[in-house]
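The chains carry the letters A, B, C and D, assigned in the order they are written, with residues numbered from 1 in each.
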Amino acid sequence: MSARYGMVIDLDRCTGCGACMVACAAENNVPPLPARATDRTGLTPMLVHKVNNGLEGAGRREAFIPIACMHCANETPCVSVCPQQAVEVDKATGIVMQIPQRCLGCRYCMTACPYHARYFNWWDPSWPPGMEKTLNPGVATRMRGVVEKCNLCHARLHTAMEKAAAAGKKEIEMTDYIPACVEACPTNAIQFGDLANPDDPASQAAHSPETFRLLARLGTEPKIYYKSRQPWVRALAERSASGHATEGQHV
Amino acid sequence: MKVSRRDLLLGTAGLTAGIFFTPVPWKVLDDVSIWTQNWAWIPQPPRGPVTTKLAACTLCPSGCSLRVRMAGGFPVGVSGSPAHPLTKGALCPLGFAAHQLNWHPARLQEVRHQGRAASWEEARSAFEKACAEGPIAIVDGRSGRAASIVLQSFAAKHKASYDALRNAEEKSLAPYAKWANVSVSSLGYDLENVRTIVSFGAPLLDGWGVPGRFTHLWAERAAGESDPQLRLIQIEPKLSRTASGAWRWIPICQGSEELLAASLASVLIEEHLVPAQGPVPPASVTDAASQTGLTPAAIRELARAIVDRKPVLCISDGESPAIAALNLLLGAVGTPGGILPKSGHPLPMPPASANDKPLRAVLIDSTVPWEYVAPEGAEAFRFAAWDGGGSRAEWLLPAPGFLEELSDLPSPPTCAVATYAVAPNLLSTSAQTKTAAEFLLQIDPTLPAIDQTIRARCEEIFRARRGTVHAAKPASIASFESAAKLEQALRDGGVWLDDPPAHSPLKCSLREWPGNSGNRAPANWATTWAQPVLPPLAAKLYQESSLRETPQRSQS
Amino acid sequence: MNRHVLAFAIGLVFALVAGWVVFPRVLYSHQQQPVDFPHKTHAAKSGNADCDGCHPFNSDGSFAGIPKNDTCAACHTDKLGTSPAEAKLVDDYLKTGTTTPWLVYSRQPANVWFSHAVHVKRAGLACADCHGALGTSDEKRLYEQDRISGYSRDIWGHSISRLRRAPHDGRTMSDCEDCHHKRHIEVGCFGCHQ
Amino acid sequence: MSDLAIVDRRFIARGEERASTLKFALWLAPWVALLAFGLYAAFLCLFYGLNQTNMDNRFAFGLWIFADLSVIAMGAGAFFTGFLVYILKQEELKPVLNSAVVVGLVCYSGAVGVLMVDVGQPLRAWFTFWHPNTHSMLTEVTFCISCYLIVLILEYLPVLLRNRQLQKVPSFLVFEHQFHKLVPVLAAVGAFLSFFHQGSLGGLYGVLRGRPFAFREHFAIWPTTFFLFILSAIAVGPSFLLLVVASVEGVTGKKLVEESVLRKLGFISGIMLGVYVAAKSVDTLVWLNITSPSVGFAPWEYYAYKPFGSAILFSEIVLLGLLPAFLLIFPKTRARRGWLLFAAVLTCGGVLLNRFVLTVQTLALPTLAFDDFLKYIPSWQEVATFSAVVAYGVIVYSLSYRYLPLFGHSKGEDKRVSVG
């Protein structure tokens, strides 16, 4: 079996509530950071960007673009650059994964990622006293000085695999493997599934003509697909580069 | 023989050469790296099996069902329970990290009197003294709970006044309640059958009402469609999240909503778009135009758009009689797809008794938001699990935290069908914490205890033989053989949902068009939560991303 | 000249001795189990010779691991014999309700995901294939802990050079890899890391 | 004369006259202070983590990587001069060879030092040798630089052993004489290694297909930046060496080498720079017109953000490329010491600018349609750590100059057999 897990995100359905970001952080034991941390030094494996159509007045519209690791399938930029094989595309699942215990923190992969979906642990993780009791058993905490990113809630895949093995099955039930952000979305804007399986609804949605991918022309074949019926959102997301269409919020 | 300097030199050379042929450098190098992978000062998650329990969230009146993953006796993950008939598994962003709240640095650990540590005994005697001297008031942020019954009946017995605060959603229903002379909590919006919603600044897509209820409808019937089944018209000065997701966004000048409502009404009557009934609004389109910043043509166009697809429903942000009057005119009151009275058993709701004499003391339940300011000169007994920055209160009394209190959840505001659920206490409370109800029960043991009330209500529902309990799979009340079984089902996380209302029409009589009320309250979690009490991971939304503007209140 | 060789040789020998003999003794700290537990005796007396009598799988497929107190209490409601070990177990742990702080020889760090279900139920390995004769001997083993890495010595294996190791000795990543290669099983990093 | 001064004298080669001990101490003092300060900053970064810096998730590389790239380029003089002298038999460059070695040693060891502070988990850095990813340019860099550092140390050894006191040890003398036979081999090995890691350093950016500003066409497995970095490195190496020698002459007020040697360095530098600029121009044109547009990035957008306007491209290629190349090649200007030094300075500036653009501008530019052009100002810890490398360089060089025969053979040399 060789799955290719991916997502289709309906940007029209995203209200920018942020539930996916919080659920992701809780599932993956992402620590709350010191007060000095900003949107540039934060740890947000799932990050929702707020964008607008650049107009003022009644014509102005805003939209929200959730961005996690795109799990690029071709020439995966972060994999080839890592000097010590801390990044790898998993053969069985197509998940691009980061092994913090192997990582030496050179951050070369971060410069290589066009989606800025990789995050560096600038601080040692710490929780208010007692809160470590609420950490998710499936996921090891990271240490300072290493890179981390979305791994499609791999811990949940482990649980599903164990369940399947215990039941004597080789394949997992897709209902047992749903990433935290997908589960959390209050409008079901995120479809998750095995893009290699033609019967999978997510795969059908992904390969339908109205989907598009960010920076597709770089040729890295990302496995996170987007769709939107609003022309300006498509135009913005599909256009490769230009800083003009955004609010100066990231600085 | 004498060891020369050169011998030592060569000896050291031999030593250095030799050491590389032993495990020492290699094993140490390896172990040191392993050490960096398991630094002792970095906490690691607990080991051991993970069990899943159903519970309910008590952070707000919505009472969402939770699936709580537990390990080592502590919650390690929270997600919504798809079984819940209203939320369908949705939660607000706070919910997903709520299991960490009990360890929040702002958690109240001990009784505090004027900022100094005190004991429950002192608090109790101080309160009894205040009761004796009187008059006192008891403030409840979420009426209708079993705990509220305790507060109410205590107030009744000890000649105290009982004030039930209302959130913005409930306030928006207040006018109909007044005109029809029913209780606010017995009214709700029949969103499922609406085809056009005119929102006057209500944050429908941003924390309004029950999480997931409207957003699901919107996502299924409206999102991104150029001609949606469900038309959402957002009338709001600024481009809010709701405005962005709306079918039409009508930006108008701050505070001119009610005038616009009036002028819309006059257009509707003038152009015979609705059967003329009730009082005629005084507003003229032209001066409405001047004040709202819209053109007269735009207002007329809007009026036509509103009635293009019926049923239509107007929703105000907070209490607004003018907008309620517009609903009356549109026939959206007491009809499907409008404002409906809950069938089933609206819980008794005494009117907030106004007290003219200056208050001696006021007891504030932990459900009261931190924005509430105790009356001048009254000794405040403030129950709270977390210190939201309101150290103004004389007494800070530590209340149970998340999942630490057995409570029940009557129908959430804006819900048109009665529901009932029980929030079990999955975590044992520390000896230091008490709910306001427990506190009063100790003073007066004759009050109805929480679990008694819960049992009584379950029996009531059981006797009425209406509705369904939504758990793993839904079960009609008829299928339960005893009230005790029903209670157990609810304690295990089931949610009782009444059958759809048999339309008991809502009689609202209105003599003249109401004037501007002006008052309007922001209502979504992003602005009403005092920031120090956000779950640390939810605070990331503000701190580590530019997704949300920090709430104005966070300065306090 | 040969005097120089001698000086060099002395240094060399000194290094070798220190590295091969002294170092391993210094590197590991030695700890006793809280209670001596003779597996063989228990297997015989309790009547369930199979491991999963006391080390079962949970309903969700996860492995229960070291038994909790209630498993012991099932038989040791009160002292059955006269052994001081049992007395300690009953008085200090079962009666007081404090979980017995067993030292786990093959404990892996938090970043490792090892599924017993996958290895036992799917791959059909026997417990002894990895744990050796642990379950069938009454030997009271010391628990040795690496002072630097904090790992149990069983992870690295008892031969400090890792050459000429006993069959079940060693549970490092390369040991896992070797076994997987032998069986032509390909798992990526996240097959075993979490 | 104080005892210290006496000891100090003993180590200075006979017949060489050097500044008084006091004067030398005064010269070193500020550099030592700077070094100590820098080491303190480095300690902060190692102990508290990289939150001490102003780098962030978007600016994952900062001042340090820029410094490393530049310093290593400057150090290229070492391998290239060795290459010229021993392989191409350019004997007249021999006088500056030793100081080339010292410069190289300083630059490379300094760069490695900073790198160890820059990575988040230095104690795990050795994994690169144990689990190398052969596809990564960084692996190539790591291997080559560490090997070449060893080569440099070996090359430095004979120079070190020429110290007056060390020469008293006969076995050292023997060793040094034997070792000399090995030096050409080392030079060859060094040249080989350097070609690769200088190139790979450029490759670091050329392979970033996610960063169309840096991504370049590939020849075989290498992007063009690989070759451009080699060219620019060997172009700037001699210029930097020239500046070092000139400034030493300035500081000591002595004529250390023939003017012809400096001119020769300048000329070589000029030629290589010319080649580099030509190649760079072609590369830039291809990139602007083919590579970048093909992935949907209109090149003008790169230069739409101030202060990184197209002026930066112009100065990189013309002002700091073509111009110095001309000044160095054209005999009349080369003959004038003033012009020679000025041109050398421009050359160094050009390569520095090139490294800056690749490191900083690449990261500052947005890739997604909705993210922004970013600013980054290094924290004092970063600046201090970097300046420690400079201080370290000056100190090592000064000591080497004082106690070792860096320039030509000291008069004391022929007597040395009778000594000791």
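Here, a contact is a pair of C-beta atoms (placed from the backbone, for glycine too) under 8 Å apart; a residue touches a chain by one contact, two chains touch by 3 or more.
Because the structure is predicted, anything quoted here is derived from the model rather than measured.
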* Asked: If you average the Cα atoms of each chain, whose average lands nearest the overall Cα average?
  -> A
* Structure fact -> Quick note, more Cb pairs in contact for B-C or A-B? It is A-B
* Asked: Per the centroid of Cα atoms for each chain, what is the distance between chain C and chain D, given in Å?
  -> 52
* Mean-CA-position distance for chain B and chain A (Å) -> 29
* Whole-Å gap between the CA centroids of chain B and chain D -> 62
* **Touching two or more other chains - residues of chain A** => 38, 41-42, 49, 101-102, 124, 138-141, 143, 250
* To do: Any chance you could list the residues of chain D touching two or more other chains?
  => 121, 124, 127
* Asked: Residues of chain B touching 2+ other chains?
  -> 32, 35-37, 44-45, 47, 50
* Flag every residue of chain B that touches chain A in the complex, lowest number first. => 36-37, 39, 41-48, 50, 69, 71-72, 74-80, 89-97, 99-100, 102-105, 205-207, 211-212, 215-216, 218-219, 223-226, 239, 241, 244-245, 249-251, 535-541, 543-548
* If you look only at chain B, which of its residues touch chain D in the complex? -> 29, 32-33, 35-37
* Structure fact -> So, in the complex, the side of chain B touching chain C is made of residues 6-8, 10-19, 21-24, 27-28, 30-32, 34-35, 37-38, 40, 44-45, 47, 49-50
* Structure fact -> Within their complex, chain D touches chain A through residues 49-51, 55-61, 118-122, 124-125, 127-128, 130-133, 135-139, 142, 204, 207-212, 294-298, 301, 305, 362-363, 365-375
* **Contact footprint of chain B on chain D as seen in their complex** => 121, 123-124, 126-127
